[in-house]
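After the structure tokens below, expect a handful of questions from me.
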């Protein structure tokens, strides 16, 4: 789903992003664009389940200045995911294990690292690197 | 309709935007992108009626450096619109009333506010705020 | 204060913004830039009081991947501000009144409008427009 | 001169650009930035003579939502310029000849090429290329 | 093909671009976007033949932090191309001649101009302008 | 050092970046900006030693379409750096150790990881994560 917004201040857009995510959008993002009459503008993009499209469209029309929303269907290739826990010197961190056709990727959850960093008063980077080191210790299976 | 342009100066793109709008495009906008070989580039996007696609494609191929244009069909949800007039201390301002499934939005026309601001030698913001105040006085029906 | 970051994921940058604002920065913003070797990157900009510069520099060096921060002194022209309260059908909204050399600007506080919109379950735009209409009623003096 | 704007719609910014250029600014440009609270925003930059700074600052404060403008002094290295006329199959085109310490650059004026393209109903690129070919015929002196 | 990347540093993205082009993508480009939680991010876009889609998807999943890739089919209008050679004072330059339904465009190859500029130790702009002048001499047929 | 470029194609800018880096610039980056007359444009930024400023200015004036370059002096806070080597299952990787006033950061060199990834035919991310795990084993001193 997409809408071009040239008559909306940025402050309102931060609010709309929060609302769209709360209403079930998978993802919401802004792209800076340049429209006619020397107007800098924002393209609002929303990724959602087809069944949420109508409700999210109404939310965009009610909350933003746009009078039109355009949409399209995308196909998606998504990796399978599950979570394991790694132990770092700062505490436990959830690790997302994503797999697809022989590819295995493990990434520490930022939210976990960030909350440990806040509690332990250390830089987030240190927690994140420790989590990466710890997940190397985990067996392939995850 | 979209084309990526890495071998076209910005000056020429301002000219193309004007021409595409004159030729009937609904909307034309630029997105800054980053292409191979460290090249900053521009993605040109054009929204138009399907019946104008061929003529606008030829215009892009003739006026820009690209040798290819790609396109896709979008579905659109559009609010119904009509106009009413609000009276401000600076003069009359046209108000766009947009409605869709119970949603009603009223927005002052920028062009009207801007021309009043120029004539009355006041900041555009003051005229715009006055127009917003005046439209609050209008009945729901518009 | 500025730093170019080409070896830092966006997730970490959202965290840093929050920390810099908590540590007293006036303003923090990101600009997308394009660096060598086809790398999209982010320029982190921080506006602060001169007395906070050292602490904020250390925070950036500790929390981001950059190994250098550059800085400069800016002069500023700032409008004088005070706040008044306007009454809308949705509740009271704080209005920021900014003045400088004969210029008077009044703007509703977004945070107030947003919290009323949430409580009253109406679009933020309606509250904001109502606040603008209400502030037109206030006397010049504010 | 710079100001960050997160509470101003793009429509108003196109208007401000026109006004600042009319008021004597050398150059006005917008940069898309990302501010706190998920707000997309615009940084307005104005290059001007020091003697115009105060008037342009007041124009920004009056016409935009910002309550502060920051500024700095830049040094500049500028090429010397003069104009010659080249003859193309489509009509005469002004050529800007810029020189500095042994460097000579010649560039056709876009405005001239664009008006010939409109009159002759040919693509701007053809006129521009013809002008470049014609200027190769001009002697080094210009 | 598209993927949004908010947990990948720019350094890794330059590497991925090179790999995708080597694996047969027609074009690869980055767009700066703004995601939730104040995260600046990059949208990776890949244009390819349908037959390469699966291999390129696997490459993206293996080499980047994303766990999902979305895709769509575009229609394309492409100009027919052939190459001729123009003679400049700096050496021969390949000229791309693109044609479509009466439109003819000729553009010097940047790579050729750049290598002559390096060999002859002159600015690239001078070689490029000389090539444009030389191609005006070529007959319409190219 | 900065210059705004609205009459230069992206292809030429990739070339200029390479040349400026070869001529000794510390860093070169592009920012997308929006100039008058609906022109998308690029701001070229160059960071360099003061002693290289004149030569780099001449290079910009000779190689780009701009007729003016502006510059300013920045102060910089730079971390002290040295390198150590970590051993990963894929081979040795150089680790940059940066220190400043009690802050210690260790980051694997991307170039090293990338060349191991190419040789071993594994994703760059796996080599990078292995390098991060290996550097956790190094003693604080580096």
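Lettered A, B, C, D, E and F in written order, each chain numbered from 1.
Rule of thumb we're sticking to: contacts are C-beta pairs under 8 Å (C-beta built on N, C-alpha and C of every residue); 3 or more make two chains touch, one makes a residue touch a chain.
This structure is a prediction, so every number in the text was calculated from the model and none was measured.
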{"item": "Neighbouring chains shared between chain A and chain B, ordered by label", "value": "C, D, E, F"}
{"item": "Most distant chain from chain D by Cα centroid", "value": "A"}
{"item": "Most distant chain from chain F, judged by the mean position of its C-alpha atoms", "value": "B"}
{"item": "Chain B-chain E separation of Cα centroids, rounded to whole Å", "value": "29"}
{"item": "Approximate Å spacing (C-alpha centroids) for the pair chain A, chain D", "value": "37"}
{"item": "Contacts with two or more other chains, residues of chain F listed in rising order", "value": "7, 11, 17, 30-32, 34-38, 40-41, 62, 65, 72, 105, 110, 125"}
{"item": "Parts of chain C lying in touch with chain F, wherever the complex brings them together", "value": "2, 4, 7, 31-36, 41, 43, 57-58, 61-62, 65, 67-72"}
{"item": "Contact set on chain A toward chain F in their complex", "value": "34, 36-38, 40, 105-106, 125, 129-130, 132-133, 135-137"}
{"item": "Complex contacts: residues of chain C adjacent to chain D", "value": "17, 21, 27-32, 45, 47, 72, 74-79, 81, 96, 98, 100-101, 103, 105, 107, 110"}
{"item": "Contacting residues of chain D [partner chain B, same complex]", "value": "11-12, 15-16, 62-65, 110, 114, 117, 123-125, 128"}
{"item": "Residues of chain E that touch chain C when the two form their complex", "value": "5-11, 13-14, 17-18, 30, 32, 35, 37-42, 65"}
